[in-house]
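As written, the chain order gives the labels A, B, C and D, with residue 1 at the start of each chain.
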Amino acid sequence: MNQAEADELRDWSRFEAKSLNEECGLFGVWGHPDAARLTYFGLHALQHRGQEGAGILVNNNGKLNRHRGLGLVTEVFRDEKDLEELTGSSAIGHVRYATAGSANINNIQPFHFEFHDGALGLAHNGNLTNAQSLRCELEKSGAIFSSNSDTEILMHLIRRSHHPEFMGRVKEALNTVKGGFAYLIMTENSIVAALDPNGFRPLSIGKMSNGALVVASETCAFDVVGATWIQDVQPGEIIEINDDGIHVDQFTDSTNMTICSMEYIYFARPDSNIAGVNVHTARKRSGKILAQEAQIDADIVIGVPNSSLSAASGYAEASGLPYEMGLIKNQYVARTFIQPTQELREQGVRMKLSAVRGVVEGKRVIMVDDSIVRGTTSRRIVKLLKDAGAAEVHVAIASPALKYPCFYGIDIQDRDELIAASHTTNEIKTIIGADSLTYLSQAGLIEAIGHDKLCLSYFDGEYPTPLYDYEKDYLESLAKNGVK
Amino acid sequence: MNQAEADELRDWSRFEAKSLNEECGLFGVWGHPDAARLTYFGLHALQHRGQEGAGILVNNNGKLNRHRGLGLVTEVFRDEKDLEELTGSSAIGHVRYATAGSANINNIQPFHFEFHDGALGLAHNGNLTNAQSLRCELEKSGAIFSSNSDTEILMHLIRRSHHPEFMGRVKEALNTVKGGFAYLIMTENSIVAALDPNGFRPLSIGKMSNGALVVASETCAFDVVGATWIQDVQPGEIIEINDDGIHVDQFTDSTNMTICSMEYIYFARPDSNIAGVNVHTARKRSGKILAQEAQIDADIVIGVPNSSLSAASGYAEASGLPYEMGLIKNQYVARTFIQPTQELREQGVRMKLSAVRGVVEGKRVIMVDDSIVRGTTSRRIVKLLKDAGAAEVHVAIASPALKYPCFYGIDIQDRDELIAASHTTNEIKTIIGADSLTYLSQAGLIEAIGHDKLCLSYFDGEYPTPLYDYEKDYLESLAKNGVK
Amino acid sequence: MNQAEADELRDWSRFEAKSLNEECGLFGVWGHPDAARLTYFGLHALQHRGQEGAGILVNNNGKLNRHRGLGLVTEVFRDEKDLEELTGSSAIGHVRYATAGSANINNIQPFHFEFHDGALGLAHNGNLTNAQSLRCELEKSGAIFSSNSDTEILMHLIRRSHHPEFMGRVKEALNTVKGGFAYLIMTENSIVAALDPNGFRPLSIGKMSNGALVVASETCAFDVVGATWIQDVQPGEIIEINDDGIHVDQFTDSTNMTICSMEYIYFARPDSNIAGVNVHTARKRSGKILAQEAQIDADIVIGVPNSSLSAASGYAEASGLPYEMGLIKNQYVARTFIQPTQELREQGVRMKLSAVRGVVEGKRVIMVDDSIVRGTTSRRIVKLLKDAGAAEVHVAIASPALKYPCFYGIDIQDRDELIAASHTTNEIKTIIGADSLTYLSQAGLIEAIGHDKLCLSYFDGEYPTPLYDYEKDYLESLAKNGVK
Amino acid sequence: MNQAEADELRDWSRFEAKSLNEECGLFGVWGHPDAARLTYFGLHALQHRGQEGAGILVNNNGKLNRHRGLGLVTEVFRDEKDLEELTGSSAIGHVRYATAGSANINNIQPFHFEFHDGALGLAHNGNLTNAQSLRCELEKSGAIFSSNSDTEILMHLIRRSHHPEFMGRVKEALNTVKGGFAYLIMTENSIVAALDPNGFRPLSIGKMSNGALVVASETCAFDVVGATWIQDVQPGEIIEINDDGIHVDQFTDSTNMTICSMEYIYFARPDSNIAGVNVHTARKRSGKILAQEAQIDADIVIGVPNSSLSAASGYAEASGLPYEMGLIKNQYVARTFIQPTQELREQGVRMKLSAVRGVVEGKRVIMVDDSIVRGTTSRRIVKLLKDAGAAEVHVAIASPALKYPCFYGIDIQDRDELIAASHTTNEIKTIIGADSLTYLSQAGLIEAIGHDKLCLSYFDGEYPTPLYDYEKDYLESLAKNGVK
């Protein structure tokens, strides 16, 4: 395989994979006799937030047990036998996102620690901006890490704190780590939930009819387990959940809510509510506003399945154009190690996405998508539609152009991966082969979501916190290639 | 577990599973150096037609080899190693549908026969109406069957025919079997495709850019492998595909095309064309006509994912109401042996379908579905929507009421399973808890599909052929409970 | 890898594998509430007779069920779940031997047939000499075979017989097949056991303390399940075992017992008794007689583990020399796909057999082995011993030279594989690098076993039956290279 | 299952399992292009030292990689794919022994540590007597352990040492841990081997023909990889192996060699040499001396396979009685989750060991075994032999009575498990149902082994070191039940 073929294959794979990855999903339950099973269903509802691995840790009268593994929740927990060892009335669980190649069972959470003076469990969603320097400092004073996950750092900080109370030690540790983080800690008699001072990642608390308390990265998990939303964990909060109920405290007063806008745009499930806003509704509104801003003359509106269907239906409604199913995604998505050869790809073989010739043939199509990362996927979908006979393909993106990396938990930390960091909209239009390309304005996005307590640094480079360990590299990358 | 709990669990499982099952999907390719890999992608596109097992049989210069297994295509063919043994320039493949409990590797197709005078492969989609009597007769004269599949019968008939030519023997056998059938036979130098005299099941032929010929149950498989549709196999046709191209012949002149209407309504993928009609377009049209017939006063229209989304968007467009995402299906569908306990189900735990409270709360909802089989699923979805705050739920079905079983390849052969066989529409409305229930008229369905060469016996009991072995039981069941 | 390296690797693998393979092992039980579990233990005791696959078929009040798979008994039946489906008070089981490459689940027995008029199970140990012609004839009259095993032939013959009684049909079939065979047939109300007219393969009947009857290829299986030997199945016998007990009949009067001598020499377990003779005792006696015949001047006697340890201890006892552990076999034998590279093999890496330097260094060693097939293994063991410092290595074989193939169930049908077919003893001695080479005389073998109702064709080419389908090829091979 | 049945089942399982367990086996190689593969073969030769799990860690130009898993070496490394990731010219490997229930992948060695200032690997054989107090101290100062293995302790001590040189830090750590230990440490440019000041566990160094250096728990691994023994690691030594060769140093001068006598008696492979003494030869000698000491009048001598065959052949030789194969062990030993029910056990079903009726019937049998732990196994074997018709069974044990637990690496730390701790020889004879019972004298054992630098505390309670954390419990157990 020569270099060109290798590039082609990489492009192909990216076309077939999601190009942005969330860091994880959290779920916890306190006070239910079937805690592990509930957590299983909760994690299944959060599966879209991470597919590399999953784990559940239970607290059985102060004794912690864990089962974890690589793969989807339904692969890690295959049958009743996998739940048998997980008796207990409280549990925390975790789904971890997939990165190429590095799947390692040691990194799968929740972590489980057994000390001579008690046991602890720990699960984490987010990304620390000072992990590298903290880890180095800790190692210099004798700390040994058992994974290459940042998550362990918090436990080392807790164990080295000299504060006389456990909650005091946790607060000290939370004030030392920086960046985006939502933590669940299982102690022998409580679950502790904590959120970074900016509240980058969502975390909510719900209640079941039998009084059990649940905590989850997204409210869609509440619906699945039959729980009702009570409250969101607020930036800087540390909440203890135990037999006495919910105890809210702050580990810092210096907070500033800037929730990740990409949760609304792409990551979260449409049936989740984030900061009180339903995700489907925000997306549909973004499609409507996009229609008003774009004013494209066309015959039909189609969405790229599945994340852009809400925005597309909003676009169709606002524009008065028919909303059609012009692209079909094979619902039997599965990891496969069998790929089309170069020759088959040239002959048109593809696995996951098909254009519906009977729908798009001869039509001027508005193709609504949520975002463009590298441009590769968009180029291929435009080609699919044109090969299926579309007369024109107008690409309408239901968010502003992505120009800056994320350091708070989204898996793009390199500006080279973002096509809009180095190309104008017109250049991108040409590269992806579209007849026109329109982005939603930043004001339009804020209007669609309905509030502005958002991290929008993806679009404008205004990071709400210092970048710590990332600062130097980031400034160098900015210097290297300016933003268009 | 007492009987009530057992019933409840069975209902639950049915709610979570599809209630109608297709018998299978076929794919074949002639004249491509990577025939097995192409078949892999073709079968993956047909995965919705059967999930119990899959197999591929290749012809490598006259030598046949096969790999088959239980599970999804991506499970049976896990990596390149599984394709290595399958070198050859032609192949036939099969996906088989899932029935409860009876998964058996012996029944997974294609079948592979090695005789002293040559090898043959065989794959089948459909259901024979005289299988039982043929099997009994054959066994009485010494035949041994290696599976409990009807498919083997054809091979026994071929091998016992005394016609001097192979194609003559096949024609004799095809004239002996009755019912619905699409066959692919792999010989040492050809693929033979044949369709029953009524053409109950779809079967089409396509061509790739390199000249290779492909045959598939649905045209969506052509798009996935980059092939172009050429022609449909017609009722009563027997087609030989070999290095000389396509040779069309008839095994009978007594034909009468009555293609299964449920293919349009429910089974086929929206991007397939059946008898020249795009499935999505037919479904959207059925939704439009349903809107005109129903005239319901409501706020929003939602579809039951995934098969009813086309009809729902058509309904919304024709009615002028907003099309919303009121129900979410977890895209990580997987077989799991972990189920909610009775207690958890009562507390509201569910895995696959969620109502979006933010969308339906306080709204008068029109819920469009493709069909009602037992009523259980509809009842649960209506409850989901009401629990999520829907003010009213009007159920609109984009096909007429299902009252009669199918004997040609759909997995319902018992009228007791069809709620409309013994209840009026008003009774069903009450049972499922809807505020209103409307079915599409049979004339509306024909108009939506655009032709009437259809088997509509599901709705009117007019079977286009004698029922042979099923006749007696069927008449008894009619006598037992009349149709409402 | 060039040809020489390929040959070297093949030699290596043979060195590591057994060079002679038995065709199978049978076990059956009638009248025990835990029949499948008993059969599991019985098959485990017979594991040495076949490692490719295993299966158990039970009779549960007339309803037959089966579980089978590739691998060892403990791999096919991994846990209680695999036995759950096998409820029933009678069972038959089978272990099948391993051949390179051709492992195929379809060939794993017992076979299970479901007919409209009842069900049957079938298991077979042996080899038919007229299988090819019978199969061809049957196919010409429409028979379809589902495996490439000869075993199915009997069932086709039974089903095509017109005898009015089932047992009459079986007898007719048994008189049609030729060669070496032991069969177990499970019917809905009995187990039928049958042995060929020469009784080439062993088959015995035993009884448990609770009255249950068991049948097994070797009596070692009786010890394992706590049963006591009652009687051997005699040549030409057909025995029906049912709730009334044991019913002995003959399917032919024309019998001539010539039990396979290799069962005593190599295949059977030392704790089995064949035709009333304990295998260990026969082997020890063969070692004693060999010592008397050989009269070698040496320091110690060692055996090649495991099959030659009995003969070696007999040799030591008769010669008055010390019996030492000069070769160690790694007891963790397992199939592995990880092999030493050519370079590592040259550096002396080996997996299964080690010479004990502390024992053999400086010693004149008599190395007792049961047989020499290709000579490759012997050459390597002699080298092992010399590399470990043995001063002299005298190879003493406790059976006559193998010169002729077997057609009754041992996996060598080609004289080219037998080094003694084309080389003198002196030539073989040189090839294997031994200081001397002695074979036991044929008279000595008969004396050691204690009776002469033996098939000795391996050594003298006197086949006790016509060879049917093998006749032509065999005569050609004799003509090609004469016997030395 | 009532208590009596549970006890019976536990006894049964113990009968079927080895009753004493070694702590582990170590293997390392420096300077071979195929280091991982060599280690695979080396570990396979050491498989008898541990079956719970295995791992290999390679050093690829300073970059460490590891593969580990639960199960046998051939299960953890199934095919070439498992070796692919393990490129490198040096490696260390480990096999870990099986304990009931607690199999945990986290405990499988070698451990692999990645620090900001370099990587380290660590593998351990033995048992620390001050592990509990060290672990507690370390945790109090913030250390986090990732396993419940003692092995990690050494790494925490190394990382917390303030010595300026790495080797200095290791020496400091080695002087802090107490008990029995053999360590292999992989650094980025060397392998470090170290042995406790008493040399309880064996550890030797060998050389391959290409100059590569190997280190192994037993010399049998050298034979398997074609290496030649050079030297043993001596008590208190710390040896660095790198591209410059072997550098021997001492971490302490206060040494006193007392190698574990059970290595000679039971654990080690017969083809290993320990401290220059061949294990088979020592065992055979122990059998000879036992024969002289015992002077039993009998007909035949048999050994309990496999560990007692050498001693039995020595006994036979010295006594002039025939050495017979009276017990057969099924060579297809495998872990199975299918067990005989209580009823089947009563009916005589067993899996692993059979008595050979044809050999023992009517005979006065001397049954030689290496040791008696709980007495359960001996009782069952005696019963096996008597059930098979033995006239008398005289049990002769080729070592003194086991009365005291081990704290240096053998898995018996509780005197309650040792029948001889609380019963006289005569009592034991009665319990196991033997006609006589004889133990080898301690002087006889020393004579058989040929030197007295042995730990014999098992027999006389004279521990060569303080017991640290075990002291208190041990003294209490002594007080509770005196020694007979």
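We take it that a residue touches a chain if its C-beta (ideal position, glycine included) is under 8 Å from a C-beta of that chain, and two chains touch if they have at least 3 such contacts.
These numbers were taken from a predicted model, which means no experiment stands behind them.
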Using mean Cα positions as chain centres, tell me which chain lies farthest from chain A. C
Compute the distance, rounded to whole Å, between the mean C-alpha positions of chain B and chain D. 61
Chain-centre distance (mean CA atoms) for chain A and chain B, in whole Å, is 36
Distance in whole angstrom between the CA centres of chain A and chain D is 50
Shared-contact residues (touching 2 or more other chains) in chain A: none
Who touches whom among the chains? A-B, A-D, B-C, C-D
Residues of chain C defined as touching chain D within the complex: 34, 37-38, 40-41, 44-45, 47-48, 51, 72-75, 77-80, 82-83, 208-210, 220, 223-227, 269-271, 273, 278-281, 284, 306, 309-310, 313, 316-317, 322-325, 328, 330-338, 340-341, 343-344, 347-351, 354-359, 388
For a test of understanding, state which residues of chain D touch chain A in their complex under the given definition. 105, 113-117, 135-136, 139, 141-146, 148, 152, 155-156, 159-160
